[in-house]
Every structure is written in C-alpha cells, then in structure tokens.
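Pasting in a structure now, in structure tokens, and then I'll have a few things to ask.
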C-alpha cells in the first residue's frame, strides 16, 4: 500500500459543510433508492442470480491468466490487437502513441473508470489530441473541469442550474429545461462523433472464448464512439474477463438491476474485433488494452483478492451511509465508496487516503447489496489490521490494557464517574479529544452506578417474586 | 434453568437499565440470571481498530469466565457478534480455539435466545406506545438476528410499531468511527434522528446498546421527547 | 515493450493462481437462469410499449407496405438509408418507400466514411437478427450490407421483425450466438436512447436515434 498525505476526514468535513452539494447528493441518493426498491429489492430470484454471478467471478479469478491468453487469441483472430500495460503511465503512453502514430487529432470517449485511473485525458491533451467525453454526465464534468463523483453517474453531484450555467458559459447555449439541455449536448457532441478519428471506450465484460468486449449504456454514445470512427480502442482492467457468453449472461442478469434498476440497458453492445471483409463501417482497427496497475499483486493476496470480483455496479456506493453523506469527491481517488476503500489503496498508483479503511461504520450494507458476493467489511477489517501493524493510538492501547484487569477497569470507571460523570469537563478542556468530538452533537447520559453493583439486590427481588409474570 | 448474563461495558457503566431489564425478562420466562464477576469488555473496539492481538487476552478471560454456562445471554448484537469471532483469533492447533468455539456456540443475543433457544415469541409484555424500530446493523446484518426482534415486538400488548423511513440505515455510531470521523458520524446520526422524529413515534426501540446511546443522546441534544428504549426494556414492560 | 509487460503480468498471475486457497466456484459455472420461454408478439409489444419505441403488427405484406408508407409520412421522412436484408425484400421495402417519395440510399451507395454521410438522413431501416420478448430488445448484427450506422445515426430507426425471429430472452440469444462466429458487432437495443445524468430526470433521445419504430411481420 502506498503512503498518502490525502486526508479523507478533512475532505469529508468540507463536503459536509457544502449544503447545496449535500442537497443535490441527497436527492440523487433518494432516486437511486427508489430504483433499487423497484428492481433488486423486488426481484424474487436475486439470491439465485447472485449465486451464479459469484460462481462466474470466482471462476475468473481462479483461471485468470488462462482466460486472458484465450481472450488475446480470440481478439487477434477477430482482427483486433491486444496490448498489456503494467501500470497507469505505460497504459496512457501505449494509447497515446497508438493514436499519434496514426495522426489522430480527435478522440471521442465513452465512460471508462479505467481511463480515469490512467489519466488518459491528460496524457492525450499533452500530446495535442482533443479527447471529448461523450457520456452526458462525463461531458458535463469535463466542461466543468471536474472529476467524476460516482462510478456510474459521474455528474450526480451537479444540479440542473449548474449545468445550465455551464452550457451557457462554455457552449453559448442557454436553457434550464433538462430535455432541452440534453438536446444541446446531443447536437454539440454529434459533430464530434461524426468527425472523430478514433473512439476510446471502456469494457464492462470481456468474453475470452469469443474475444468480445461487452459495453452497457443508455445513451448510445459508446455505440457511436465504437462504430463511427475508423479506430476503436477498448480499455479494460485485467479482472473484467469471463470465460464464455453464458458466463457473461450470468453477470448481465445482475449487473443492470444492481446498477441502474433496469433489466437491460438501452444499448447492450458486443464488439468483436475489427470490421469484417465486405463491411462498410465499423473500425478498421480494433485495439484492446489490458491494464494491471497492481491487480496481479492483489490476486496473489488470498485475504484481499475477492475485491477483484467487483463488476462495477455501484450498489455498494449507493447504500453506504458514508458515501451518501459526503459524495464521491471526498475520497480523492477514482473509485469511491466501499469498493473504492478497498481497491484504491491497493492499486499501484493509489490516490486517496491510505487510512480510508478506517472511515467505515461497519454497517455491512455494502456486503448485503453486492451482487458479486464481496464481503467489504471483512476486506476492510484485514486492511485495518495491516495498517495497525504500524502502530495504534494510545487510547485504544490503554483501554485494552485496562480491560485485561477487571478491578482496574472498574476502578478507572469509578474514578471517571466521581470526577466527571457527564464527561463534560473533559469535553470542555479538550474539545478535540475523542470524548470532546463525541459530545459535540450528543448529550451524554453520564457514567452510572455499575450494573454489577445493582445485580445482587435485583436478583434477590426477582427470586422472591418468582419467575413468571 | 439458568443463563449467564454477558453485560457489555457500555451497559455496565452507562446504560445499566438495559442490564436490569434483561435480567427481568429472563426471570419472567423462568430463567434465573447469573452474573459472573469480572467482566470487562468484549474487545470489539480494538478488533475494529485492526488489533485482534489486543482482543486475544480479553477473549481468554471471557472464555474462562463463561465456560461453565449452559447459555450466555447478551443484550447486544455487536458484542455477541464479537464473541462469535473469538475462535478465529486463535490458531487451528491452539486449544483455546476449541474452547472459544464451545463458548461462542452458547452465546446469544437476547432476541436470539428467547426465540431460537426457548422457542418463545410472547413474553407477556405490555407497553402501550407508538414506536419505531431502529434495526441495528450489527443485530440484523452482521449477526442475522433482526427477525427475532421483530417477532418479539409483534407480541407486546399495546405496542404499535409505526414505519420508520430507511429503517435499515446505520445510525452513524460505528464505535471508533464516531470519534475518528465525528462530522460524518454526526451527519449520519442527524438523518436517523430526522427519520425518527418524522415518523411521529413516541419511542424508538433498538436491540443494540450503542445505537441506543447514540440515538438517545442525539434526541436529548435536540430536546426531543421521543423515548429511546432497548428491546429488553420493552419486553420487561408490564413486569414487576 | 508490450511483450515484456505481457509476460511480466501473465507470470505474476500464474504465480498468484498456482497456490492453494483460490476460491473454487461455489456453484457449477455455466448454469443459466431458466428462461420464461415465451416468444410472441403480444409479450414483445407489451414490453416495448414501456420503453419508448412504437410498434405495429402487419399481418400481410400489403399491411407491412402500408405501415412503411405511414411511418415515413408520420415522421416526415425525406431521405432514408437501408440495409440489404431478406426481410426488407420480403415486403419490397426499398421500392415501396422510393415510390412514396423517400430518397433511398442503398448500402453499395455509401461512401468510405459511412457515419458522417448519414448525419442528415432522416430514417434508417433495417431487419434484425432476432428480437427478445422479455425485454423488448432488437438484436442487430453487423455484416456486409448491414451497416452499424444505419440504425444509429439517423433520427428515426425502423426495424422489421418477423415472428420467426422472436426469442424469449437474453440467455436464449447468447445460446444462439455461442454456436457461431461472432459478428463484428451485435447490438441489443431495448428502447430509445436515454439519460438521467442531469438530476435523474429521464430524457429520451440522446445520442442514438430519437425515435424507434418496430413493424412486426406476423406471417413470416
């Protein structure tokens, strides 16, 4: 795990102070909640679907190198080219070079978290290539110069007033009507699709047996990005592969409902290689870039490898009370929420807070929602254990020491009770101490005469009055 | 019939009424509560801070203390869940592991004990109130004992459970989380309290002492007159 | 450089999967969800109606021809691009539409860069490989004379779906696909392009066609 100076607590506190953003986020989370209630919560066979999806993902991890080699052979047989990249810089370099070698000036991009991970847009910009995000949410944040705040709904934190202001400033088009703003974006991006020299997309699932890249979307921008330009580059992290189309079907049974509450997205596309003999459109060149960036190391870690089963549905984010409160940007890394709290610190070029695993209430809503059967609480617990090898705070050690001795434990409580039963003096003197922080929004009932001291009399009373009422 | 009381440190020193209510409930159903001396803490605060090594000595003390019990009853889902983790703290060949397994198998959260072990759902309780149930994360999702709480409450005479918005949502305590990330903890707690107030209930019931403390102390701060009640207190309602 | 990365990554993965303790699949892999098995126009049309596309059922070639002309008129179609497809031929679609005053573009008339040439074309008319009843999906498979842009760039997409090409659901489709070489593109289209990216307000008609009309061919 890489050391990091990023402070999630500070970023979270700042985010919580922004009432407008909190209101937008709350509204979005509310919508997602309704979608979940209608879809996965109402699905009678969710458990069975999850069992199948989990089996597929476990099989992937067990056979990962074979699957990737088969995938490579299948893509190649279909007229595509496969590139392996060890880390973010080399992946970005590989794609940039590919494009500059072919004199590409304009790239249209479908949403891809991996492309965020490798900083592709920045690399392309440095090389003088215009890269336009075509997913409406990504387009909005690109115009705003921001980063995505959710893995599926990148502009979840942006209000319609903010979009209106943005379109006015950057596109010279004024409107506060959402359908009209969508039309404005459509017109603006259409020109790009049709003129682009290359399209870069992500990959939801890669099928080894057929060399197929499967992408899910509602807008149609990925289809356009992969179909119109003469070059298609698909970017995936190495764990996204499954064996066969039947395996992919198992994942597709659970991914759209968990992600957006849909049975199927509007566009489910299966791209296999380059255009065939006699075809007039579709890419002449198709490239698949497979990124490691620390994942092979995660696979070698028996206690943490199950995070690689993730299918990027976003369900864990949506149900996490921490994510719901602070939004995605506070995490300071590409992947926020529970899955991000596990994955981000483990990636090679990890951004964000190395101590992110501690920012968790252990509520287990994530594990309950995860369609891939990932036990985030257990993974986070293991990460906390490893981080604690570097030392634990004095309060925890002191409390543990006290707890080893019943008379010391009781004695300490008695002292505290006589000196400051409501803990108000401690809170007053040290407002930033654990006690001080706890009491900021709470009225503490106070340390009490211990239960064990009351028990003897209570037991006598109970035995005198008999057992049953 | 006897059962040993496993009293969380929070109950011992801050919420003794929960311990009293637990003893009363057991007595009501014909189980004599026994309180072994020398309990301190189950150690979950250290475990969740990433120090299972600090929990091992506490686990050994717990095991030694409760080994002779036929049943161990605890008014906390989180503490019960912690004891269920004790076996995993010891190596496969460590004799403490088998001892931990034996004790863990006999440790029950109150609702589990009544419903699963004694096959009881009606303990003759009466509490005429409109209340909401905050289904604690540890009791429902981690321990899997949420249903037992519901079934017991369904048989409390005069008790009307009204719907709580987002009942499965965390109260924001999370142990050390509340002091490590106080702003986030506060924000999550506020929403829970808002939901409780919005429900129009006179009381909020939970089976988890830490949730009870967290929600109760926030209600007190806001000077809202909704009564925070532990499951045990509800079930003891109407008793001597 | 890529060769070095490739072998480094694969050898690390081999080392990682060589050891014991890898999760063995908890259930037999390849088990599929039992499909509902229903494949009829009633089911298909009912689901389609919830998704945005419009549907009409033609019981004869004559009815289909009327439907085509009506669709073109309703959507004020002046130009259209088409696929080369037996289902279009079965209803004489190219000549019927030309006869109704629509300027038709055949696949062989398309220039080198197909998509830009379709920017101002009003309608794209295609057949389908299959259609899925459970999800109201049109399955478009790319091939010579079956351009991707035809169903994607023009503002209206019209698809002819014969009864014989109806399948129950996605697993049934994947069963069919597994037996043959994959086309360069298979698009499963369920509805009209939409987005909820601005405040979760759903807008139909984003980057793909603004409207989709399906004509069922009941006798084929």
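Chains here go by letter, A, B and C, matching the order in which they are written, and residues are numbered from 1 within each.
In the analysis below, a residue touches a chain if its C-beta (ideal position, glycine included) is under 8 Å from a C-beta of that chain, and two chains touch if they have at least 3 such contacts.
Because the structure is predicted, anything quoted here is derived from the model rather than measured.
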With centres defined as the mean of C-alpha atoms, identify the chain lying farthest from chain C. B
Chains most often in contact, by C-beta pairs: A-C
Can you name the chain whose C-alpha mean lies closest to the mean of all the C-alpha atoms? A
CA centroids of chain A and chain B: separation to the nearest Å works out as 32
I'd like the Å distance between the centres of chain B and chain C, where a centre is the mean of that chain's Cα atoms. 55
Contact footprint of chain B on chain A as seen in their complex: 8-9, 12-13, 16, 33, 321-322, 325-326, 358-365, 367-368, 377, 381, 383-388, 392-393, 396-397, 399-400, 402-406, 409, 413, 417, 434-435, 437-438, 440-452, 454-455, 458-459, 461-463, 465, 467-469
Could you pull out which chain A residues touch chain C in their complex? 24, 27-28, 31-32, 45, 48-49, 51-52, 54-56, 58-59, 61-65, 68-69, 78, 83-86, 90, 94, 134-137, 140, 153-155, 158-160, 163, 178-179, 181-183, 185-186, 189-190, 193-195, 209-212, 218-221, 223-224, 226-228, 230, 238, 243-250, 252-253, 263-282, 290, 292, 296-297, 299-300, 302, 305-306
Per the contact definition, I'd like the list of chain B residues that touch chain A in the complex. 5, 7, 9, 11-16, 19-20, 23-24, 27-33, 35, 37-41, 43, 45-52, 54-55, 57-58, 61, 124, 137-138, 141-142, 166, 168-170, 172-191, 213-214, 216-218, 220-221, 238-240
Residues of chain C touching chain A in the complex: 1-2, 5-6, 8-10, 12-17, 19, 21-33, 51, 107, 110, 113-116, 119, 134-135, 137, 142-145, 147-149, 152-153, 170-171, 174-175, 177-178, 182-201, 203, 205-209
